[in-house]
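Common to both upcoming complexes is chain A, partnered first by chain B, then by chain C.
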Partner chain A sequence: MISIRKEILKVQNMTNLERYNKVFTDTFNIEVSELNDDFNTDEIAEWDSVTQLALVEALEDEFEIMFDTEDILNFKSYTEGRSILLKYQIDLEE
Partner chain B sequence: MSSNLILDRKVCIVTGASRGIGLAIAIKFVKEGALVFANARNAESLSDDLASAEKHYPNLTIQYYDVTKSDEVKSAILEVKKLHGRIDVLVNNAGIVSYELVALIDFERFHQMLETNVVAVLRITQLVSRIMARQNSGSIINISSIVSTKGVKGQVSYAATKGAINAITIAAAKEFAEHTIRVNAVAPGMVGTERLLSIMGEKFQHKENDIGFGRVASPEEVADVCLFLASDMSSFVTGQIIGVDGSTIM
Partner chain C sequence: MFLELDRQKPNKIALVDDERQITYGELILRSNELFTKLGKRGFVFILADNSIDSYTCYYMCLNNGLVPLLLSNSIDSGLLRNLYNKYEPDFIFLPSKRREELELTPIVEVGGFTLAKTAYNGTLLNPLLSMLLPTSGSTGSPKLVRHSLENLEFSAEKVGQVFHIDSNDAAIAFLPMYYTMGLSIINSHLRYGAKVVLTNRSLTERKFWEIIKEENITNLTGVPYTFEVLDKLRFSRMDLPSLKILSQGGGKLRLDLFKKFALLAEEKGIQFIATYGQTEGTARMAFLNPERNLDKLGSIGKAIPGGNLGVINSNGEEIKERNKLVEGEMIYKGKNVTLGYAEGKVDLMKGDEHHGYLKTGDIVRRDEEGYYFIIGRKKRFLKIYGLRISLDETEFLVSNEFGVECLCQGTDDKLIVIVPKIIEQKSVEQMDIRKFIENKTGIFHAAIEVNIVTEISRSNTGKILFSQTNIN
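== the complex of A and B ==
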């Protein structure tokens, strides 16, 4: 069951990667261990257009950014999302 | 404690607010309690009127950006979102007007006008509507023109851009209805802005005879209609093109 996050996390003392992962685990209601390179729109049935927008919304709120339209369209995987965030100076390796 | 102000604490963005109708809207809104973000293209284009309005009204903030530049627009919208977490009203007022016969249309200028009057409106609407959809409310007001519905000799290219605005208004109203975002357009006739009055003596004086009320509108009269559309008084009004033309015969 997918839960649409409404509140901003902004949990202190979390790394960018932990915040990124939490958006996914909250949105898809999964464990962080399930997140890997295969977590994408082809493999995850629940990742539909509604979830796509929910993910974007949650990430925008969490990191205080706004995705360009092309980034919304290209955001098809957990891995791709990390690259997209880097474009907005959100480095998940830090 | 409840307020009697019509737009109490509503977060409003007004593009093209440096002068004329946009300035009147920004001032009208802030007087009614709104938190207004008034757009001017840059510091050079800033009018003394808007500069003094910012000094006079603490809740009026000038934002500099060119509506045709997506990065600048996005930064401005993001700034408002970071500050207030919401956007209640967007007034798409920034625009270019032109007067020429079809044979004299400069297509480079026409493309520039399309970019400002149409593409930029869609771009900012796209960004703001995403925020409004999350809050499940909002009012988008597009400034159209009487020439879009009644036509006029010598403004075919301008009328084309405002016709597009009407179409955007009607279609967006349908698309955003599920998020309770209202989209309406205001279509003024001749408005007594400084720009119009400066050229009216030469070109348009005889046109006043075509206005049933015998005079041009004031920018404040257009702003009044925008105030209605921005407020909860128009909570069930969407997809409308509202004329403000004093019974003009085109």
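== the complex of A and C ==
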């Protein structure tokens, strides 16, 4: 499995939301301004099964959590991801 | 009749796709109807997805002596035109929305597809030729593998024996049907009256797992990347009561995963069957008896029934000694060895160039008990996520697009592209090259590394010197 993250972002004094966004921008090779409610598997052609798992893995590494199968399968949008993370006590509003 | 489908009960379900299902009787009927619309034989491009409509068109061809070339329904437009101009097919089956890309006269619409007449007529085909597949689906290589009817029939029959397929089985076919192993899964199951569930969904979709349960899938076949995904999705915790066989092909599985799935299979009371194959051998050529999974970890096992594996030395002579550890290039003998390659229209007239004997291009070790282990590839191909990537093709594509000299190398999880810094005062951007390769081949960009070098060293015969090309 490819891990695209080169460093743990946590040490860089970023907020949870910044870390979450950074994982997306690194995974999809995009600017943070492109992230919004429409950023999902239906709208983003690059969001396929390969990116899906790279994304999940990067988030697991970043926040030191482990998703359940259900949550991996449900992780289909930028917005949904935020509520999934909340289940693992990662609050992006903090 | 192709795959002897007329021997199956006509009212038994043959195919299920994301929209509907059809029986064996209906499959035969529909393919016959489709053939009457054409009224003649010829050479057909099929831009397939995993659907009943695409397979019906394929079956129509094989059952009526038309020769199909299977391609992806989402093949890049430029690559399609290249192949179209080079091979001049008589007909094309393509998504209706892509109809305008070529100069076509539609004959009939089949679901979301259109079967159309092209401007070309009467491509000469060798009577042995029955089907063509690209050597590399992803780079849209114009180099094709020529299959005979015997290749396909033999392969379907023998692969079915390996997995003991019967009419109670149900396979999930999510690997694309234009990919040799994807097609092998479909054909081998239909040959034995099983149900084949075609899907374009991926393993990371909830619906995929609902299908597995609803359709009582017994056989799931994947490539190494599939197993990475299964592992990631916590396959160990999944409850899939109908599943009997988990089978792997399409490249070398990481040893730790091999072991993990061998153990998991034991625990769950299912079989994990590792196989080996190539397009040139109509997919499967070898498999490992699952009882030996743990003591022959990572092995591709032995030849499928009716086939023979061997090892040749650097002089091309077969090493006959058994009961002894040997290394060399693996060869395969069997009726699934394809006729040869085609690199242009005239090659479609060629007959059998291999005569059932294939040099696989894989360097192997054969142990004292006759089990084969792949060591490496002789030629320059990578398999990334099960996509076969030709390094030569990729170099060619990049060089053409950017007007730069380009070197490709890498491993099965990373494609490394080396380009010189400045070409005629124009600087080349790493990102542009990555995006381009991603678009053309479908490889996830993180698996592509672009290195900009000052210059590429060459020997005086023009051969690239990898060792002397400094990567910054």
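We take it that the second predicted complex is superposed on the first by the 85 of 94 C-alpha atoms of A that agree within 3 Å, B and C clash if a C-alpha of one lies under 4 Å from a C-alpha of the other, contacts with A are read in each partner's own complex, and residues count from 1 in each chain.
Here, a contact is a pair of C-beta atoms (placed from the backbone, for glycine too) under 8 Å apart; a residue touches a chain by one contact, two chains touch by 3 or more.
Nothing here was measured: the structure is a model prediction, and the numbers come from that model.
**Student:** Using the superposition on chain A, decide if chain B and chain C clash or fit.
**Tutor:** clash
**Student:** Touching A:N40 in the superposition: chain B (first), chain C (second), both, neither?
**Tutor:** In the superposed model, A:N40 contacts neither chain B nor chain C.
**Student:** More residues of chain A are touched by which chain, chain B or chain C?
**Tutor:** C
**Student:** Which holds for A:N16: it touches chain B only (first), chain C only (second), both, or neither?
**Tutor:** Touch status of A:N16: no partner.
**Student:** Applying the touch criterion given at the start, work out whether A:T79 contacts chain B, chain C, both or neither, answering first, second, both or neither.
**Tutor:** A:T79: touches no partner chain.
**Student:** Which holds for A:N29: it touches chain B only (first), chain C only (second), both, or neither?
**Tutor:** After superposition on chain A, A:N29 lies in contact with chain C alone.
**Student:** Would you check which partner chain A:V50 touches, where first means chain B only, second means chain C only, and both and neither mean what they say?
**Tutor:** A:V50 contacts chain C only, not chain B.
**Student:** According to the stated criteria, A:E64 is in contact with first (chain B), second (chain C), both, or neither; which is it?
**Tutor:** first
**Student:** Per the definitions at the top, what is the overlap between the chain A residues touching chain B and those touching chain C?
**Tutor:** Touching chain B and chain C on chain A: residues 57, 68-69.
**Student:** In the complex formed with chain C, which residues of chain A make contact?
**Tutor:** Of all residues in chain A, those touching chain C are 1-2, 4, 27, 29, 48-54, 56-57, 68-69, 72-74.
**Student:** So in the complex, the part of chain A that touches chain B is made up of which residues?
**Tutor:** Result: residues 57, 64-66, 68-69 of chain A touch chain B.
**Student:** Given the complex with chain A, which residues does chain C contribute to the contact?
**Tutor:** On the chain C side, the touching residues are 202-206, 209, 225, 228-229, 232-234, 237-238, 385, 413-414, 431, 434-435, 444-447.
**Student:** Under the touch definition given earlier, write down the residues of chain B that touch chain A in their complex.
**Tutor:** Chain B reaches chain A through residues 70, 74, 77-78, 81-82, 126-127, 130, 134.
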